[in-house]
Every structure is written in structure tokens, then in C-alpha cells.
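Before I ask anything, here is the structure I am working with.
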Amino acid sequence: GPEIVAGPGAEPECFAPWSADTTYMQWPAKEGPFKIAIVNGFVGNTWRIQMIKTAKAYAEDPAIKDKIAEFKVVSTGTDAPAQLGAIEDFINQGYDAIVTIAVAPDGFDRVIRLADKNNVVLVPFDNVLDTDAVMQVNEDQLAMGRTWAEFVMKELAAAGVSEGKILEVRGLPGNSVDRDRSIGINEVIAADGGKWEMVSVVGNWDDGTTQKVVADAIAVHGQFAAIVGQGGSNGVIQALKDAGHPWVPVAGESENGFRKAIAQYKDDGLKGISIGQSPGLVAVAMKAAISALEGNPMPQLISVPLPVADYTTLEDGKNFWSDLPDNFFTVNEFPPCGVNISGPAIMAKDESDLN
Amino acid sequence: MTSTPIVDLSGVSKSYAGIRALEAVDFAAQRGSVHAILGENGAGKSTLIKIIAGVVSPDAGEMRLAGKPVRFANPSAANAQGVVCMFQELSLIPDLSVADNISISDPPRRFGLIDHRAQLVRAEALLARVRCEDVDPRTMVRDLSLSRRQMVEIAKALGRHPQVLILDEATSALTARDVQTVYDLLGQLKGEGVTTLFISHRMHEVETLCDRLSVFRNGRHIETFAKGERTDGEIVRLMIGRDVTAKYPPKPPQQLRPSVLSVDGLAWETALKGVSLTLGKGEILGIGGLDGQGQKDLLLALFGVLKGVRGRADIGGRGLPGSPVEAKSGHPRVALIPEDRKTEGLMLPLSIADNLVTAAFDRITRGGIIDAARLEAAVQDGIARLQIKVGNPKDPVRTLSGGNQQKVVIAKWLMTDPDIILMNDPTRGIDIGTKQEIFRMMRDLADGGKSILFYSSDYAELIGCADRVLVLYDGQVVRELEGPAITEEAIIGASLNLGTAA
Amino acid sequence: MRVAREDKPLMIALGFTLVILAVGTGYTLTTNGTAPLLQPTYLLQQLQIGSFLGICAAGLMVVILTGHIDLSIPATLTGAAMIGTAIGGPTAIPAALAFGLCVGLLNGAGVAILRVPSMIFTLGMDTVLRGVTVAQTGGFAPQDQATPLMLALAKDRFLGIPLALYVWAGVSIVVAFLLARTSFGRAVYAIGTRERAAYLSGIRTRPVIVGAFVASSVCAALAGALLAGYSAKAYQGMGNAYLLPAIAAVVLGGTNVLGGSGRYVGTLIGVILIVLLNSVLSIMQMPEALRQIIYGTVIIVMLLIYGRGDRETGQ
Amino acid sequence: MLRLVNQNRGFAGAVSLFVVLFVIYNILHPRGFSSAVLVQNANESVAIAFVAMAQTVPVLMRGLDLSVGAVMTLSACVASYLLTGSGLDISLGILATLAVGTAFGLLNGLIVVYGRLQPIIATLATGAVAIGLALLLRPLPGGDVDGDLGWAMTNTVWDFADTYGLADGGEAWWLAPFANIPVPLILLIGVALLVWLPFKRTVTGRTIYAIGSAEGAAYVSGLPINRAKLAAFTLAGFFSACAGLYLALQTSTGNADTVQAGAYTLNSIAAVVLGGTALAGGIGGAIASIVGALILRVISFYFRILDIEPLLQPLIEGLVLLIAVSIGAWRTFSVKNRLELFR
């Protein structure tokens, strides 16, 4: 297993420690090239598909290609035993690092112990674990939730609205990012002086599902003062449009369609904020795994900054593309890490091939 | 005959959803007797014994066993008191072995768990008692023929040490040899003081076996008397309320008939080993032989159910039909009255009307759409043609008595206006009166130019009804009998394949 | 006599529907002082949402009547929507339906010809189709926007009534007619009651079973096309919410899950009941946990009141 | 022997299929045929195997239990509260977990028997109730399952002894023959041997088969129909609880995962069929369903060994399942009497 060591770690501009208290870990250096596996859980949305494509493209990146001897991706669905089994199997197969999005924040004790026993580097990212025993890569989910809610409260206050129903669209139940974002959102709104009634629906981070549940919620509840949603933001917009719901402040992720809509309707009341989890996190996690295998000291919790954009900062061709389809996450690259695979490049190019 | 009756019912009534099955019945049976219960289909015989055996509970009345009032909540309560029943519909579990079935509810145990070895030993002993040493107790019941199953059922009943043994048409599929075994057994049991209640529509069995007879009609107990007190004619009149003069309609003189169906060297798996026969127009051709000699397979082959049948066939210039659909819509049209009406002939929960038309949708539809008027007419026609006793044609066919259910099966097929009718033991479980009607109808059909291939496990029927009889043995026709040559000796002799001498 | 017995589930389901409306209205009256549940516009809108379920249930009922089940409805619905939107243009809906037809034929062949139990064959089919949708979404970011016709069918109104309801009504009329007035329908009931006897009656059992599966898949595909219109796009997992409620609706409507009996009106009422139950639970903002508990309890209580399923005693 | 194979053809086929798949997997695996691989495989398979056993019992009497996955989830959520503290606490917690699942199964049985409902629809509804209860218990995943226990139960016998300092920390000579056997396998086989096989040899167990084969005949034969139905659902509840218990041990948490519950229920049916148990009832057994579950699992093992496009994996998994269940179809074509198709 890794040793707890003193910082600083390697490439701090890429592998930024979460906070000042973040510990550092170091694994015994190994000879490359390495065998690396990605164990994804859920496969049901665009984000995960973009993530898998980014991972495969990044594995071919000249900067790391030679360091990888074998690269495998499996998606196990949301079944915990299947995911744990896949991780353990890769450990048994002698893989050096396993990058994973966990289907639940707990329950990985056993595979962590096994990974340590076999000096395998296990790197959860995106939906990370509630533990400090492994190296993890993520954006700050709690902060994401808070920022969304603060933005919405600020816009509502600016519009002079101080009461009403706020719709929260949640992600896949049971996952850590869904939980943390929701905590952040509700904390801020509860602390606000306004008279808010929260209505919450489950959109599974997916446009279609989100569109359906938001439409149903509008049908049942009439009008909302604002909407705060996790992935699936295109669906929120579509549902508002379809229902003829007036434009209200909306917080969401970084889908191109969502950003397009904000840019288009900001003057009609769609005061939007777009903070996306980046599918490119997978590349950061892969890079971190390799760096750890090479024996570098690494922060236990690697922080990737929140890519915040709102109606005041959106710029066509820069952080969204009005001529490209809705259906990809705009934020994908992370230049400080040399992750330069952009959203349009990985997702939109096939589409243009098609048409 | 004055000792306390072993079974004594008084004032017992039962109705099913408005249908009176039994009405104020008083009935008693003496210890150590073999007591026949007679009556036409739907008379209430099965209902009576179901009450005695704890399967259904009566609406009114009471029952005494050896003088003590009893009321059985379920069959196991009855079993516990020595009342054991072999039902008209078998009570074996097809997916369990013979040994499992014989000891089904009270198996030998070791350490509290079922002892398979002891079960086997027990099964072997009981099978030996019913002279079925050929049945391996480890075979699954589903792999046995109907007649073997009935024997296993008897073995199972014996194993329960009955005081009162009830056989509800338990011998309907048995062949001569097994029937003899049953006779002997009942004799033995009688010696041991066991009472047997015996239901059968086969009068000769009743005559040989029983000491006393009780006749039921329309849910009422009509009369009980000792064997020999009444003539056959009188008994039949008691049962059906009228005289039955001749059981079988007269046969027409022997004649040359143009062939409508002929097969040559028909072979299939191990069951058929080269059957050749010709069926003439307007002919009733009987098929006899011991149970399981390929008769049923022959009928299925002619109806297009079997695959891989070899040999030549000529049915109106064509070969064997490839499926029942082809069979019924070909030219000539073929119909099959199947072996088991409950699972093959009818859809029990569906209405009588729905059942009547299932083989002849084209008669009730125009362009695939049902025409209400034609439907109504077809149903009325079917009911009238066979004089089926129904309340409302919309009632489930399940509510009819066995005989009337059988009539529904026949009526359903007559609705397709078939030219060739294959009948698989069509009178199994049918009362004398109805049988007579069926034979009458068969002859009328034949006279009207239809041809009938008729398998029966009852030799008397073949003798009384068929123009010609073929006896099958081991998948082959071993004997053809015609006219006066159709005698019981000839059929039995050929069935056992005792040489070719007449 | 018989009519009464068959009508009993219908009356009870209707009664429950009224109870649900009353409870929901009582709630909204006391909390908000409004009664949206009794407003035609609200009800129509709920029925519009219910039409997807209704169409799935109509097809599923035919399969259930034959004594089978179709567990591939979710993926068939999703797949059809994805194919339809990917192809786009005027052929989108025909393409979706053609996809349904193919799935139905495959299911039918597996069940009627290979004789794999439908429970497992359609489950396998569902897994395969799910795989197809994953591959499809990921392989080459396909077009997934609903076509104008899909949008119109799902959302527009004619004479104040959503078009989706006309579609549902059309499907209902076809299915009810098929079941009650055609030899296909008779054959469906016969097969569901006892396939062996149906076969020996010279009924073409295989084509009828295949037909039933086609009915189910085509209905699911149609629902998929409409739902894509309603959601403006096709997406993975969009059919997931339609299987169990469809089974429940069919059974609550008095159809025997094991086949052979049931009337189409029952299914219709069953769907309405489930849709209203769901919307009342949403209005009451019932948390998911309680929702599930209430949902399950209502089904059990209703079935207990039906008091069907007489004990089998053989004979 | 030949008779046994013939009478259990489905089962024999399933065992051969599993053996072939499993052996090839081990050959392809860099560390094939090692106890580490076996431990991993066993861990991944135990929960679904238990759920498959659970499903078998109602299926044998021709009823489906659509609540098995939900009861598993509910039990896991219960366990996530109770599997902590002193040895006594934990033992009581295990018993309580099993009791909850078993009681829920009994409730299913009571509803089916006394409410006279079709099992499939009754359990569809009670399954929703179970999930609801699980969500009440665990709105968010969490829990605090004893770590040592989790480790000990998900490893080899040696690790078990080592964790608890039994048998000289696992080094005792008499432990050596078993030292490398995965504990989960022992649990699974132990439950099958100690609960299922004896149960099958009781009249109640036999009655379950009889009901599936011919309920009417079972009734008139004086078999205890109601007791058997109650027992079947209760046993299903018990096996589901075993699955839930293991799931909690394995993940050290409880998670009211509706999707997972649904997937386990459906997969349990697939496992039952793959094992050769007839959905029409009367034929098959819980051991066979364990094999069915193992087949389901081993298929997905291959994705980690072979290089298969991740986005095609679900499709391939489905196709393999479909093909596996269709293999039995050769029998259909070799049937010479078409009536045999309709039993």
C-alpha cells in the first residue's frame, strides 16, 4: 500500500491538493509500461459515453501512450458486487492501476485492502468514495451545489422574488456526487431568508429522463420560481419550453444545448449558470494513476477546479458552440494537465461525419 | 345386513353455483361389501364420493363413519380415518416418481426426512400386489401410459390401508388383464373387511364385482338393491328413466365401400411398425387391442400431430396432413376426438359456446370477423345436434358433467363437417344412455357418408358398433375381423397375439 | 351471473379510481384550497401522460391473454424511439413501428417456435435491445430529436383533446375489437386457456402467438414514438418506467395473469387508476419511500377485494 | 446414473455449460485456477446465487416471486444497521436480518394463500412495499458494518481464521485442506446443504413440487397445500435475506437501490431457467439455480479478459443469454410428437 508522505507532490498545477490539510501518498515506483483498467458503473447517459471516449482517446495520447502496456474498459452497470468483482478481477489479473467511478460512496473496503496488498493504485473519480484511504480525483461537489444555489438565490433576489417553489433535479440515486450536490443546494436555500418550497425529482443525469420528470413536475405543481438541476440540463430547458413555462433562473451542468439556450434566452429571463462535471476527469485520473505508479508523491484528494460559466460569461465558439449539437458536455479539457481533448472534438465530430 | 353401516349419509345436499348436484341423499354402505354407484352422467356420483372423501363439503346433511358422525375438512382428514379415494381424474403427480407418488403424503422417514430407499421397497411391494412388477418405481409418472397410471393409483390407495376404498371410474382405461387384477384385489380386500364403493359405466364390471348397487338420478338416490334383484333393463331404466331397448344401432349389411383413407406400412418411432389399413366411405372401422399397442399414435399420425411418420398414405389423393390445421381443412376433412377431454378436447374455464366453435371459426366469421348471428346459430345447432344438457351456453364448460363435456367435444368437431372422424375412446366415462346416443349418432354419420375410425378400450363397443375391426399388437395390425367374425374371443385372442388361428 | 362476476373487478377498479380522486381532491382542497384533480384540463393532461402506459398495456394484455408475458417492452419502446429519431423525417414513425414489428416477430419466434418460456426469452431480448441502445448512443452520437410529427402527436390537441388520447383510443378500439370480435381473439383466449387443446382444435397456435407478441411490440414501439415526441427526444432507459405498471394495470383490470380471461375495458380502467394514483401521490409530494409502499398496498388491497382466484381443488 | 441424467436433463446441461465456461475463463486468466480468482468469483456470485435459490422455491410450485430482489435490498438495509458492535450484537444482528427477510417472505405467503392472489402480481406489489421500507431505512446509502467481519466473510477460510485468531491464526494443520476455500462458497453451499436439501426431503418440500406439477392432484392426495405455499414463500424470503446479508457484508453498507433490486429479481428468473428448473413448476431445484446464477455471472467475467468494445458489452451479454436459453430449443425440433410441446 501507499505510504503517507509529506508534500508537495508532483505537477501541482495538474494534481492540486484539495485543501491545505490534504495528505500525500506515495507508492513504490514501478517499471512501466503499465496495465490500466477503467471500471465504470452506470452506462446510461451521455456523460459516461463521453467519458469512455475521452479515456480511450487519452490512452492514445503521445504523452502517455508509451507508458501504457494494456488498457481495458468495462462497464458493470449499477450492481455493486459486479463492480467490486471487476475491480478485484483486474487486481488478480495483475493490472497496475484501476480507475473507477464508484456506484456507491461506501463498500469498497475490501478492494482497497486488496489493492494495497498488491500495490495496485485504485483511483476513484467523479463518484468518489467516502474514504481517505485511496487517491481520488474530483471537482468539489458540495461547492458546485452551493454555487448553483447561491447563483439562483442571487438572481431571484435581483428579480424581487422571495417566495415560491424551487425544483431540484437530482441525479442517479445512491451516488456520492448526487448526494453532495444536493446537500450543498439545500443548505444554501434553507439558509436563505425567502419562503421557498423545495420540490425534488429524479432525472438520473439524463436529458430525456430529466425532460420527462420536469414536464411532469410542471404539470403537477404549475409554476416554479427557479430550477436547480444536475446533469440532464438540456431536458430542463426543453421541458420549460414545451410547457410554455416562463423563463426563470436555472442552474445546470455544462451541456452544449444548455449553454446555447442560456445565451439565446438570457434576456427573456433565463438567467442561467452552467457548472459542469467534466468527463475529462477520467484523463486526469489516468494521468494521476501513472504518476503514482512512477513513484511520485501524490495528494490523496486531487482537486479539479469547477468550470463555472453563467449568462454573463458565455461566449460562442469559446465555451459553447451554437453551430454544434446540444448533446455533449462542453467542458472536457484541462490544459494544466495536458488533457486537451475537447468536448466538440470527441463528441461532435462523428456527428458531422454522419451528416 | 343389519349391522351398523360403515358409511352412512343422511339428507346430504350439495349445489355448485346454483346447480343442484345432490339433493337430500340418504345412502349407506355395509362393511366388507363392494357397492356399486350407478347413474348417468351428471347424476351426482362423483359429488357424492367427493363428499365422503372430504374433497367438497356438503351444504346440508350429515355423514357417519362406522356409526360416528364425521365431517372431513379435507382429503387428508378422510385418509386419516381410512377413507381412501381414487378419483375419476387421476390424483398422481406427473413429475414425481412412482415411488414418490405411492407414498406421497406419508412417506417412510429416517431422521425425520424422507427415506428414498424405504420408499422404493414399499413401492415395489405395493406394485407387486397389483401385478405391476413391470413398472419401475423410479420412473416419472408422466412417462407411464394411462392404464399404468390407474394401476399405480390403485397401488397408492392400497398403501393407505383403506377401510373404505372408493374407485370413481378408476378402471375406465384398464384392459382386460388389469381389470382381472382389480377383480381379484377387490375380492381379497372384501375378505379383509374393506368396503369398496365402485363407480363405473361398464355394466359387466359392475355385475361381476359388486354385491349391492345404488342408482342415482338427477342428484337423487333412487334405489339400493342387492345384486341379482334387478335385471339389466330395469337398472338402466332406473338410471335414465326410460327403457333402452337395443344398446347398439343395427349394422348395415356388409358391402364394398370406396376407400377414403388408406395407409400402407405406416411407421413412427417405436410405436408404429408398419400399419396398413383402408377406411371405406360410410364405414365404422374399429381399432382394438391392448392398451398402448400404437392405436393412439395411429390416430395422431393420421391427424398430422406426429413428425417423422414413414410409409405411404392416401387421404383423398394426398398424403398425411402436416398439422391439425391441414387435417381439418383438407379434402377430405379429418377430425379427431382426442383421448383426454379435459386437457385435449376442451378449454375448461371457457364457455360452452366458445368451446363449441373453436374448431370451426370459419363457420362463425366473415373475413375473420365474428358474425353474432352465425355464432348464435352455430352454438344452438351444436347443442341441439347432440342434445347437450346445458343451462346457459355462456357457462364454463367445466360445469358440465363428464358425459356432457364429451358431447361438447364431439359437437365441436361435427361443426367442421368432417368426412373422416378419428375417435380415441370417445365413450370413456360416458353413461349408458349417452353411449347409446353416441353410437346412434356414429351410425347416422356413417350412413350419411362419413367414415369413422374408432378406437375403444371396451371390446363390447367394437363388437356392437364396428363394421370391421382391426386389432393392433406392438404397432402392427395383427388381425382384421369382419361381420360375424367380430367376437370377444377373436378380439381378445388377437390382442394377446395368440397365433393366427381363429 | 357470469356477467356480474366478470364485471366485479371493473366496478371495484372504478370505485378505487373515484376514491383516489376524492382523496387527492381532499388533500388539495385542505392544503391549497384548489381542486386541480377535478379540472378537465388537468385530467386530460394526466391522461395524456397516461396514454404511453395505456398503449403499452393494450399490447401487453394480448400477450398476457395467451398465457405469456413480454418483458422486453422497456427496451422495445426505447429502441423504437431511438431508431425513429435517428432515421428522422417522415419515415421516423414507420421506422419505429417496423422496429417494433421485428422485435415482435423475434419474440414470437422464440416463444412459439423455439418454445423458450416467454418470461426468459423476452427478458433476454430486453437485455439485447438495451445493449443495442447503449451501442447506438455511444457508437456515433446519433440524431435523437423527435420529428415534428412525433411532437405533434404527443403534444398537440384537436378539439381541446390531446392527440395522444386519440392515438390511445384508436389502439384501444383495435385491440378491443381484435379480442372480442375476431377469430384471432378467440384463438388468443383459447391458447391462453389450454394451448394443447387449442392446437388439437386446429387453431394455428404459432401464428397467433407470434401475432400477440407483434401486437405487444408494435404497441410499445408506438408508445416509444409518442414518448419521444413528448420528451422531444429519444434517450436510454426511457421505457424503464412502463413495464411493471403495465402489468399491474392489466391485472388490476381483471385479466388473469396466467392467461385465458380478461376484458379490454378492464385494462383501460386499470391504466387510468394507476395514472391517477401516481399523479395524486405526486401532488401530495409523497416521498419515494411512501409512494412505493402506498402503490404496493393499493394493488394488494384491490386484488383482495376482488376476491378472485378460487382455490384450486382439482376436480 | 443415466436415468438421473435423463430425468434432470436441463440441470445436466447447465452444469456442463458452466463447467466449460468456467474452465475456459480460468485458462484465459493470467492467474487462473488460483484461490484469489476463486474468491473473487465467489464474492461476485453469492448474492445473485442466493436470490436465484429464493426464486426457485415459488417457481417450483408454479408461482413467480417478483419481490426477491426487493427483499434482498430491504434485508441489506436492515443489516447495515445491525452488523456492528460486539460479537453478540453482530450475531443477533445476523439473526434479526434473516428474520426480517423471512418474515417478509411469510407475509408474501400469507397474502398468496389466504388472499388467494396470483403470486406474480401479489409479489409485484409487496416488492414495491419492501423497496419503500428499504428507502425509509436508508434514504442514502450508508451503514457501518463491522470491518473484520466483512473481510473475514469475503475471503478464504485461512483469512477467516487469521482475522479472528482461530485455529492458530489459520496455520493449524487440520485447517490446511480447507484453507484456500472461499468463505462465501462455504456459506452458499452450507445453506444449500443444510436448509434446501433437507427441506426437499420433507413432505412439505415434496408438496411444493407436487403443487407445481398438478395442484389438484396434490390436494386430493391429502398433501398440505397451504403449509407448502407458506413454506415456499417463507423460504424465498429467507434466501433473499441471505443475499441481503451477504450484500451488506460485502459492501459494508446498506443501499436502497431500486434498480439493483429490479435487476436481481429479473436475473433470478433467468438463473432459475438456465439451471433447468421449469417455469411451469414441478421440475428442478435450488442447487440447479445456483448453477444458473453462476452461468450468468461467468459470462460477464469474460469482458475483463477479452478485449471487447465497452459499449458493445451489454449487447454481447444479452446475446449470450439469449443464445444460452435458446440452446434448449434443439429439443423442440427433435420432438416427434407435437403434443409433447404443450405439456
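As written, the chain order gives the labels A, B, C and D, with residue 1 at the start of each chain.
The working rule: a residue touches a chain if its C-beta (ideal position, glycine included) is under 8 Å from a C-beta of that chain, and two chains touch if they have at least 3 such contacts.
Which chain is which protein? Per UniProt: B = Sugar ABC transporter ATP-binding protein; C, D = ABC transporter permease.
Just so we're clear, the structure is a prediction, and the values are computed from it rather than from any experiment.
The chain with its CA mean position farthest from that of subunit C is B. If you average the Cα atoms of subunit C and of subunit D, the two centres end up 30 Å apart. Look at where the CA atoms of subunit A average out and do the same for subunit C: the two points lie 36 Å apart. Here the CA centre of subunit A is 73 Å from the CA centre of subunit B.
With centres defined as mean CA coordinates, subunit C is found 44 Å away from subunit B. Counting partner chains per residue, subunit A shows two or more touched chains at residues 43, 49, 52. Touching two or more other chains at once are residues 214, 216-217, 219-220, 256, 311, 313-314, 338-339, 343 of subunit D. Looking at subunit B, one finds that residues 55, 87, 89, 91, 305, 323, 344 touch two or more other chains. Contacts between chains, counted with the stated touch criterion, involve the pairs A-C, A-D, B-C, B-D, C-D. Those residues of subunit B lying in contact with subunit D across their complex are 53, 55, 74-76, 78-79, 85, 87, 89-96, 100-101, 104-107, 112-114, 138, 140, 142, 156, 268-269, 297, 300, 305-308, 323, 344. Against subunit B, the residues of subunit D that register as touching in their complex are 3, 7, 198, 201-203, 206, 209-210, 212-214, 216-224, 282-283, 335-339, 343. Those residues of subunit A whose C-beta lies close enough to touch subunit C in the complex are 43-46, 49, 52-53, 199, 202, 204, 206-209, 211-212, 215-217, 219-220, 235, 238, 242, 325, 327-328, 347-348, 350-351, 353-354.
Against subunit D, the residues of subunit A that register as touching in their complex are 37, 40, 43, 49, 52, 72-82, 84-86, 88-90, 92-94, 104-110, 113, 173-174, 179.
Of all residues in subunit B, only 17-18, 46, 50, 55-56, 87-89, 91, 303, 305, 323-325, 327-329, 336, 338, 343-351, 354, 357-359, 361-362, 364-365, 368-370, 392, 394-395, 412, 416 touch subunit C in the complex they form.
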